[in-house]
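Next come two complexes, and both contain chain A; in the first it sits with chain B, in the second with chain C.
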Partner chain A sequence: MIREFAIVWANSGQLLNGLLNTAGLAVLGMILSVLLGSLLAVLLMARSRPVSLSAQAFVDLFRCVPFLLLAYLVYFGLPSLGLNFDNWTSGLVAIVFYNTAYMAEILRGVWRGLPRDGIEAATAFGFQGWRLFLRIILPQVFLIAAPMMGNQMIQIIKDTAFLSIIAVPELTHVASGIQSQYYVPFAAFLAAVLLYWMICSLVEAGVFAVERLARERR
Partner chain B sequence: MTAAAFMTLLQGAGVTLAVSFAGILLGVPIGLGIALVRWGEVPVLRRVAAVYVSLIRSTPLVTLCLLIFFASPSIGIDIGPVSAAVLAMTLNTSAFNSEVWRGGLVSFPKDQLEAARSFGMRPSGAFRRIVFPQLWRSALPGLVNEMTLLIKGSPAIAVVGIVEVTRAAVRIGATTYEPLPPFLVATVLYIALVFGFVCLQRVSERTYGRAGASA
Partner chain C sequence: MPDTSMPPAVAPPVLEIRGLTKSFGTNIVLDGVSMQVGKGQTVCLLGPSGSGKSTLLRCVNWLEPPDQGRILLSGKLMGFRDGGVVPMNGMELARARSRIGMVFQHFNLWPHLTVLQNLIEAPIHVQGRQRDEVIGEAEVLLDRVGLADKKNAFPAHLSGGQKQRVGIARALAMRPELLLFDEPTSALDPELVGEVVAVMKILAEEGSTMLVVTHEMGFAREAADEVVLLDLGRVVEIARPTEFFTKPKTERARQFLQRYVHA
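The block that comes next holds the complex of A and B.
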């Protein structure tokens, strides 16, 4: 058993690389899907029925499809439409599409529940349109939505493991490579599990800090 | 896409459902057990349960499947891919289910429990007759939500060689060189499965949601 862990330790550089890929995909995916999700949330809250209904259909579709299937659709399906991405970019595109839908749903839920009086006070002070959205609505929405967005971030980190199936060199893929090269399954995958645990705990700690900030501001 | 390919996809959907149901049937009661250990503040075991939940909740299902499937022979148990998949799904969903059960237990009114105890009920009787009948109603919507998440995570079991819907679609695409049609059919199958659960959730929320909220 100790020998197994020694082999994994000797390959810790590879594992670190995998971890960086996982974290990079998750962070980049998170940033892009928050940006796009905010735009989609605006469409979901639009007054015009056709706009909000088609945004809703988009969100519902993505919430029903398993992430791996979407990754396959991007990786194998888009080339037949003439769009070619490499594995890493395909993975990122799948993450962004998938989580944009979830982010929009989270942000819309919080936005709906926002107290009216704050927004009315802002309009009385002359805030309108985009300025109202960016300066008044969005900051409140983000503070309240932080715990849910943190959960989604953890979900993204875990979803990246699916990308090992389309050969993205992330943590699980690297662990899988080490295990098949040296036959050290337990040590290799346990190391991956512990690394996932570590980054997910970091995100949880971050969420906790934001929650405390939100409580203090109230 | 041929009729045979369509049948393969339907079979894959059957496998997805069967493995997911096995995971749910085992994982829901285990989750309750874990939640009770933490709620009842059983010494030592509650710490173990807390670590278990935290660890499993941050482990991707893919990685868990691989770990169980490849590492089990090295400790002398040679489990097949199906048992490995069911075990991974069970471990995964039990951790999430335990949080749903625990949420219900934590918000359970203490006075009812005290009343039951003062009428001379033993803890096990109070749990069976007072807590559980209310608990499962308030937990049901959350549990059904976890079930849909499990179905959506189920493609992970393909890594140990089980041909479920997604894997079946990949295989068909690889033989016909037209990956798009089988993927789209697979998407429709998943939507049907997940939508079934969403309907179940709406019904359970309508029937029991209010009772749970007032409890």
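The block that comes next holds the complex of A and C.
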């Protein structure tokens, strides 16, 4: 047993690399899905029926596709359309598409429940369009949505493990590589589990901080 | 000696409403309302619940576009471009709205911003004024409404009376030509009404131009230059408060006073 962990320790550089890839994919994926999800939420809330229905169709589509299938589609399928991404970028694209849909749905739900009062006051004071959205609506939505967005972030972190099957060198892929090379499954996978747990704890600390900001304002 | 035979050049009233109509479906809420508010005047808009008072205020800044009639702000048509035919687009409406300050029954403060941030938000991001100058002015305003020590608090931590004083200061921070108040004390506990009314009286005395929907008859009697009674979407009576409260001209006004003053 000690020997197993010693082997894993000897390969800790690789694991760290995997960890960085996982964290990088998750953070970048999160940032992009929040940005795109916010835009998509605007479309979902659009007064124009054709616009909101198309946005809804997009959301429903991506919420129904298994993430694994989406990753396959992006990596193996898109080259048929002449779109060639490397493994890492394919993984990121899949993460972003998939989570943009979820993020938009979360933000739209909170937005709908926002009290009309403040928005009406903002309109009366001359806010409209993007300025109204960015300065008055979105900050309130983010404060309320923070816990749900945090959960989604954890979901993203876990979903990155699926990218192992398109050979993205993320944490699960690296752990799997170490175990098959040295046959140390327990130590290799346990190390990965602990590292996942570590980043999730960081996310939870972040959510907790935002929740405190939200509580001060309630 | 100035020549008194010629009438002085009269500045247009800050707010002039002409023949305003507004319906929701078949419900005619405003039915040909005409009235005005002169510079420095305080006009109190009275009327039973459902008579269309809030709708009237919301038509003034186009939160509800009227069906017919004209709104003129210092002689300038609201809601339409010069010429009066082409409706304003969103940007133009926003710019026009930013000349009017509004105070709401339920305060409608922005919960994600501190008190000071509530005051400076629109002057900076709508009116595009200098941040330092706006902050300086906002601090003076907060001092005047007695909330200098609350500038970094969030609205959620204030009492109703404090929230409404922030609401008033927020409206003043826009340097508005006209202030609209929609029942500013109706959502307050009775013991908190006084502190808000006191601030409004000072504003009236200092010559702010205000259109105030209220059930505070004491305020109307003491601070208003004119009282307008609205009923079923029509102006029933326009009078100076001394006359309105002692010898109303119409039967409807007498009934209203019976109910709201002598109750």
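Worth a mention:
The criterion applied here is as follows: the second predicted complex is superposed on the first by the 218 of 218 C-alpha atoms of A that agree within 3 Å, B and C clash if a C-alpha of one lies under 4 Å from a C-alpha of the other, contacts with A are read in each partner's own complex, and residues count from 1 in each chain.
Everything below uses one rule, namely that a contact is a pair of C-beta atoms (placed from the backbone, for glycine too) under 8 Å apart; a residue touches a chain by one contact, two chains touch by 3 or more.
It should be emphasised that the depicted structure is a prediction, and the values quoted were computed from it without experimental measurement.
In the superposed model, A:S176 lies in contact with chain B only, and not with chain C.
Touching more residues of chain A than its counterpart among chain B and chain C is B.
By the touch criterion stated above, A:S201 is placed in contact with chain B alone, chain C being left untouched.
Once chain A of one complex is fitted onto chain A of the other, the partner contacts of A:V27 are absent, as it touches neither chain B nor chain C. With both structures placed on the common chain, the touch criterion links A:L16 to neither chain B nor chain C. Within the superposed three-chain model, A:L143 lies in touch with chain C and out of touch with chain B [touch as defined at top]. Legend: residue contacts after superposition of the two complexes on their common chain; A:F76 is shown touching chain B, with no touch to chain C. In the superposed model, A:R135 lies in contact with chain C only, and not with chain B.
Once the two complexes are overlaid on the shared chain, A:T123 sits against chain C while remaining clear of chain B. The part of chain A that touches chain C in the complex is made up of residues 117-118, 120-129, 131, 135-136, 139-140, 143, 216-218.
Across the interface of their complex, chain A is touched by residues 54-55, 57-64, 66-67, 70-71, 74-75, 151-156, 158-159, 165-166, 169-170, 173, 178-180, 183, 186-187, 190-191, 194-195 of chain B.
Note for the complex: chain C touches chain A at residues 61, 63, 90-91, 93-95, 97-98, 100-102, 104, 106-112, 121-122, 125-127, 154-156, 170, 174. Per the touch definition, chain A reaches chain B in the complex via residues 61, 63-69, 72-73, 76-77, 80, 154, 157-162, 164-165, 171-172, 175-176, 179, 185-186, 189-190, 192-193, 196-197, 199-201.
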